[in-house]
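Naming follows writing order (A, B, C, D, E and F), and every chain is counted from residue 1.
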Amino acid sequence: MSRIDGRTPEQLRPITIERGWSKHAEGSVLVAFGDTKVLCTASLTEGVPRWRKGSGEGWVTAEYAMLPRATNTRGDRESVKGRIGGRTHEISRLIGRSLRAVIDYKALGENTIVLDCDVLQADGGTRTAAITGSYVALADAVGWALDKKLIRPGRQPLTGTVSAVSVGIVGGVPMLDLCYEEDVKADTDMNVVCTGDGRFVEVQGTAEAEPFAREELNALLDLAVAGCTELAAAQRAALETTLER
Amino acid sequence: MSRIDGRTPEQLRPITIERGWSKHAEGSVLVAFGDTKVLCTASLTEGVPRWRKGSGEGWVTAEYAMLPRATNTRGDRESVKGRIGGRTHEISRLIGRSLRAVIDYKALGENTIVLDCDVLQADGGTRTAAITGSYVALADAVGWALDKKLIRPGRQPLTGTVSAVSVGIVGGVPMLDLCYEEDVKADTDMNVVCTGDGRFVEVQGTAEAEPFAREELNALLDLAVAGCTELAAAQRAALETTLER
Amino acid sequence: MSRIDGRTPEQLRPITIERGWSKHAEGSVLVAFGDTKVLCTASLTEGVPRWRKGSGEGWVTAEYAMLPRATNTRGDRESVKGRIGGRTHEISRLIGRSLRAVIDYKALGENTIVLDCDVLQADGGTRTAAITGSYVALADAVGWALDKKLIRPGRQPLTGTVSAVSVGIVGGVPMLDLCYEEDVKADTDMNVVCTGDGRFVEVQGTAEAEPFAREELNALLDLAVAGCTELAAAQRAALETTLER
Amino acid sequence: MSRIDGRTPEQLRPITIERGWSKHAEGSVLVAFGDTKVLCTASLTEGVPRWRKGSGEGWVTAEYAMLPRATNTRGDRESVKGRIGGRTHEISRLIGRSLRAVIDYKALGENTIVLDCDVLQADGGTRTAAITGSYVALADAVGWALDKKLIRPGRQPLTGTVSAVSVGIVGGVPMLDLCYEEDVKADTDMNVVCTGDGRFVEVQGTAEAEPFAREELNALLDLAVAGCTELAAAQRAALETTLER
Amino acid sequence: MSRIDGRTPEQLRPITIERGWSKHAEGSVLVAFGDTKVLCTASLTEGVPRWRKGSGEGWVTAEYAMLPRATNTRGDRESVKGRIGGRTHEISRLIGRSLRAVIDYKALGENTIVLDCDVLQADGGTRTAAITGSYVALADAVGWALDKKLIRPGRQPLTGTVSAVSVGIVGGVPMLDLCYEEDVKADTDMNVVCTGDGRFVEVQGTAEAEPFAREELNALLDLAVAGCTELAAAQRAALETTLER
Amino acid sequence: MSRIDGRTPEQLRPITIERGWSKHAEGSVLVAFGDTKVLCTASLTEGVPRWRKGSGEGWVTAEYAMLPRATNTRGDRESVKGRIGGRTHEISRLIGRSLRAVIDYKALGENTIVLDCDVLQADGGTRTAAITGSYVALADAVGWALDKKLIRPGRQPLTGTVSAVSVGIVGGVPMLDLCYEEDVKADTDMNVVCTGDGRFVEVQGTAEAEPFAREELNALLDLAVAGCTELAAAQRAALETTLER
């Protein structure tokens, strides 16, 4: 059974993770899952939001957006519309929760890291690419802060790694890492966020057409866990090279 | 192992479904999951949004909101703030998708049903109560439209039933239908939407503290499916009585 | 001369005042004027708005809103529209002024009470029901604060009672407490807010069709004062029972 | 008993009504009640809002605003704040209702008149000056449209005249047409809108400090009716001169 | 070659500068360039925006707006639309920059001056009239603050004078101070802001139809510099009279 | 006299123009002026805004935005703030006007082209890079539409070419194409938009510190015209290669 783009059902698209994309940000990654390209920057600033002041704990949050022509048809800018849509809100919250799952707030100290995930080109799986790329940008920002002694040495703020992938049932077949054309045809669509040790941070499955059965859910989870393992390896490989600043 | 309110881990809170709450709406239900009370109204109007005109198909959508003092501490009104928050957006979208999963748009014809879910009092599980109650309000609105011949007879727009429940791991124990106090302490929190025949419409699991393992996920899904079965029975019982208009 | 619902011109609709409706709020009342049902909650918090800090004086304010399907035809949510309409603003301000008329700010101390009046079902007279119900919720919140010693004992913050009723000229006949169907047909529509001792807090009369003469104004004021006297008695009766918290 | 500015309690401030102030508007008036100066323009366009199309009836509406430094302390612009405040909404609605009271929609035909009342300098009574000036601007716009045959001849769209004045109880004394300094000190504040034949269009009385008794209300109404009679005469005098366009 | 209104190409319209227009503002000017009338008020308050606190330096900013019927066709209010348009933003920023060019922040001390420029009637050149009038209002506000000893004596906060004029090429002829009808027909439109000593603060030239050549640009600049010199003289003349407060 | 980055005063930064950056847009260019990188996409759709329907003429407009971390310090998203700032508005309008200067609306037919200029990394001159890159994206979109026969053949919608560059006086020396560090120190800052034949489309000069004299203005214009000539050559070179789609 071959897919639109020639992949097997359990195959990821070509993944690239380009670190140090921006000269300004403390961490910055241009991540590609096939034709999906997301620029992830991590901005670290001293201080925390008001409700957290004096706690000795840091904060991590995320904002996701699409360039208007990232998609096949131009979408109106949310800045022009004057309000952020539900989908944007939902994905921003998902990215934030996913990365907070591997942060030790105490070790981070009263610093805030904002992850900005801007989709430059979309072809399905933008939120999972954003999470996968953001982890690497986050790691670089944390590394930078440790180097600059902005974070107390001796305790690593990152407690693990995190990556994400989409899975879905297309034409009755469970598949990994859907491109846009597959996504549109999927009966069930699931986004899974895993830590590097194979546990779950988020599982979000939606029946697009037909409700799905327990065994289908299981097949999708198997695919997703395998995919996240591969992505974790790609993240590790990217982080092993030396980043010049 | 007994819970805060004396329930066993696999026990729902007392569920009440009061139909015909409002004299104006085509369907209206005051649903209670313990102290969580949600007013669900279904408003049916002829016509569909512009992008669907001429398709012969209907549309179902939902809006969720909380009264400012539904919670222990008063929250600012979103109307006063001038924007809807991410959580509200997310839940409104979830409710809409859940109910659309049991709608045959062709059978509905070019009619729109809006489900308004207003939380009058909150004690955990407001979104799952809203879905469970909305299904009954939706069924009443559809019944009303069939009676009035606004929907062509001979083909039932409802293709099944849908209900929802929250599950979570609290103090290491998987539990069904968390109240607010349990929800705050949960390590993992999941909302599951099932059809009456035990298949999944939505599965949304989030690691609040620790990432969760596959076996924990499985235990939570078992609890949720059993809970939804009970809720489906409560919906059926409520719909069996005659509603005076 | 009998009315749409069989009342005499000078007769109120059945009035019910249900205290302690919400488990969270310091004061909460579900008030009904016939089919008009308004949930009034009083939220008391320590502290006052910035412009009043250090004055030793408290503050009372109100927000009014309608659930989207409180009316016969569904109205769009103001939170979704992103702005509050003129009618909502106007009524919120009226309720706030009305209740501030019976508050001794010094005795209240630097505490703020917000009255939220959410119309669950509308059938005319929602603002007058809201004022009448809010007074009882306010009294309960003040009582609660006195019990908790959040307000200095020895001086009662409530300097009187306040209630409100609508009056109007329908088909040439002055009538008390108009239901929606009467309100639509009224030539003149007036809302009157009185203290328990029969003085005026607000008089708002509007010629809907024909301008009105002085004698018509006088007849309406007579009806309104009598109506408010009855409502004050209903408030007193409701407050005489013991409220379990 | 002499007032701050030397007037007797029943005396208006100097009233000026300058027609034809703007070269663009169909009607335009710079009205002054003492130091209160309001620019009222009437813009007449063919067509009516969507909900009125095909009815054969016209529409009249109003918008009120203050220049930021119309008052003693600069206020933020509502355009900059991004939302219109409750007071602005309330006054705009009052002006619109007041002028619609003397309009025969059928005679106006499907035309819309918008009255813009911009307060250039404020010293109390801005809304009553706005109503009084707007009537004259409205009359000029109607006259212009009759001249241009945009309105069918033979039936006058204006069914009467309308003017407005504020009254209040200051230091125990009922007074007419309060200036700002008096307004701030008033116990009771009332705005009254009358037709030229002495009937009421709006009566809005508010107890600022103490609730007010029936006899006080009566005294204020007497003053207001007399004041509106004088204002109607000033309007008539202004309209008797020939307006060059 | 004579213009629409009989002027020669290098002639300004009649300019009037009426100081002390408002009784509330620290400086206020009604400036007219022909039929263009702009009310400019300068509001001086102690203190500066947060980002400037403790610097010992003051701040000057400006806001420009048009009354809805300042123009031939009524425009919607930006307050009602809930957002400020690009043109308004652009002009407000231009006015602010222009006046800051002649301010010595140190000499001003930690005071803020807001210039509000409200166009009462528009006939081309509203932004240049606003700058020219605002300078005089600013000078009056500074004079007032020096009198009141709110600004330390000995050092004049105004380092020069500033005025502005529009120029354009209409029907091939470079012209000064375009009225609306000329502006609409202009191929090139330029706004020039000069100091009293003939140097440039802003030069903003736009090709409305055809791109313009260097010699055209030079001709326009010559006209503009001459026009600003005349305007500076008019400002000086206005400021030489004694202002009663 | 050597600059911060070693350039001579009349030297541009390294310019790159990468066509076909996006797989979705009808035209797309990643333009770099040194470290300033702007993604310019041209989206062509059939139809024009309502006010232009039936005219037979097309429309071109532009939207400019910065990614939050395009700059050294993270800026808040305008979508999150709910409104577009003055600077964004101003630049979007400038880009739109600049490109409309080389469009023959009749030849374009009733088609709309939206240019989206998103700054991925900022180092001064973002608006001039955006205009220069947008021209190339626009040319590609027009070429695409001619290929697809969406535009009538025989008449080229592009009437010329357009490019832009910043100039300024830094430390008394007129310089071309300022980087951010120079821009901050500039006394005078000017943006100049030229057609390929050396005429002006826009000239926007601002005195940041001292007003500038006529000879300084002339020196800056000389530099700018020379810079635009070089940029026009770079555009031509980029467009000469074959673009694979």
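Assume contacts are C-beta pairs under 8 Å (C-beta built on N, C-alpha and C of every residue); 3 or more make two chains touch, one makes a residue touch a chain.
As the structure is a computational prediction, the values presented were derived from the model and not from experiment.
Novice: Given the touch definition stated above, what is the smallest step count connecting chain D to chain F?
Specialist: 2
Novice: Hey, which one of D-E, B-C or E-F is the same interface as A-B, over half the contact pairs lining up?
Specialist: Checked against A-B: the matching pair is E-F.
Novice: Relative to chain F, which chain has the most distant C-alpha mean position?
Specialist: Ranked by distance of C-alpha centres from chain F, the top chain is C.
Novice: Where the CA atoms of chain B average out and where those of chain D average out, how many Å apart are those spots?
Specialist: Taking the mean C-alpha position of each chain, the two centres sit 51 Å apart.
Novice: So how far apart, in whole Å, are chain C and chain D when each is placed at the average of its C-alpha atoms?
Specialist: 29
Novice: Distance from the CA centroid of chain A to that of chain F, rounded to the nearest Å?
Specialist: 33
Novice: Give me the residues of chain F that touch two or more other chains.
Specialist: Answer for chain F, listing residues that touch two or more other chains: 82-84.
Novice: Once the touching pairs are worked out, the chains link into a ring; list them from chain A, going toward chain B first.
Specialist: Starting at chain A and heading to chain B first, the ring runs A, B, C, D, E, F.
Novice: Could you pull out which chain D residues touch chain C in their complex?
Specialist: Touch residues, chain D against chain C: 83-87, 89-90, 92-93, 97, 101, 160, 190, 194-195, 197, 199-207, 210-214, 217, 221, 225.
Novice: Report the residues of chain F in contact with chain A in the complex, numbered from low to high.
Specialist: 22-25, 28, 35, 39, 41, 43, 45, 63, 65, 67-72, 74, 77-84, 88, 114, 116, 118, 120-123
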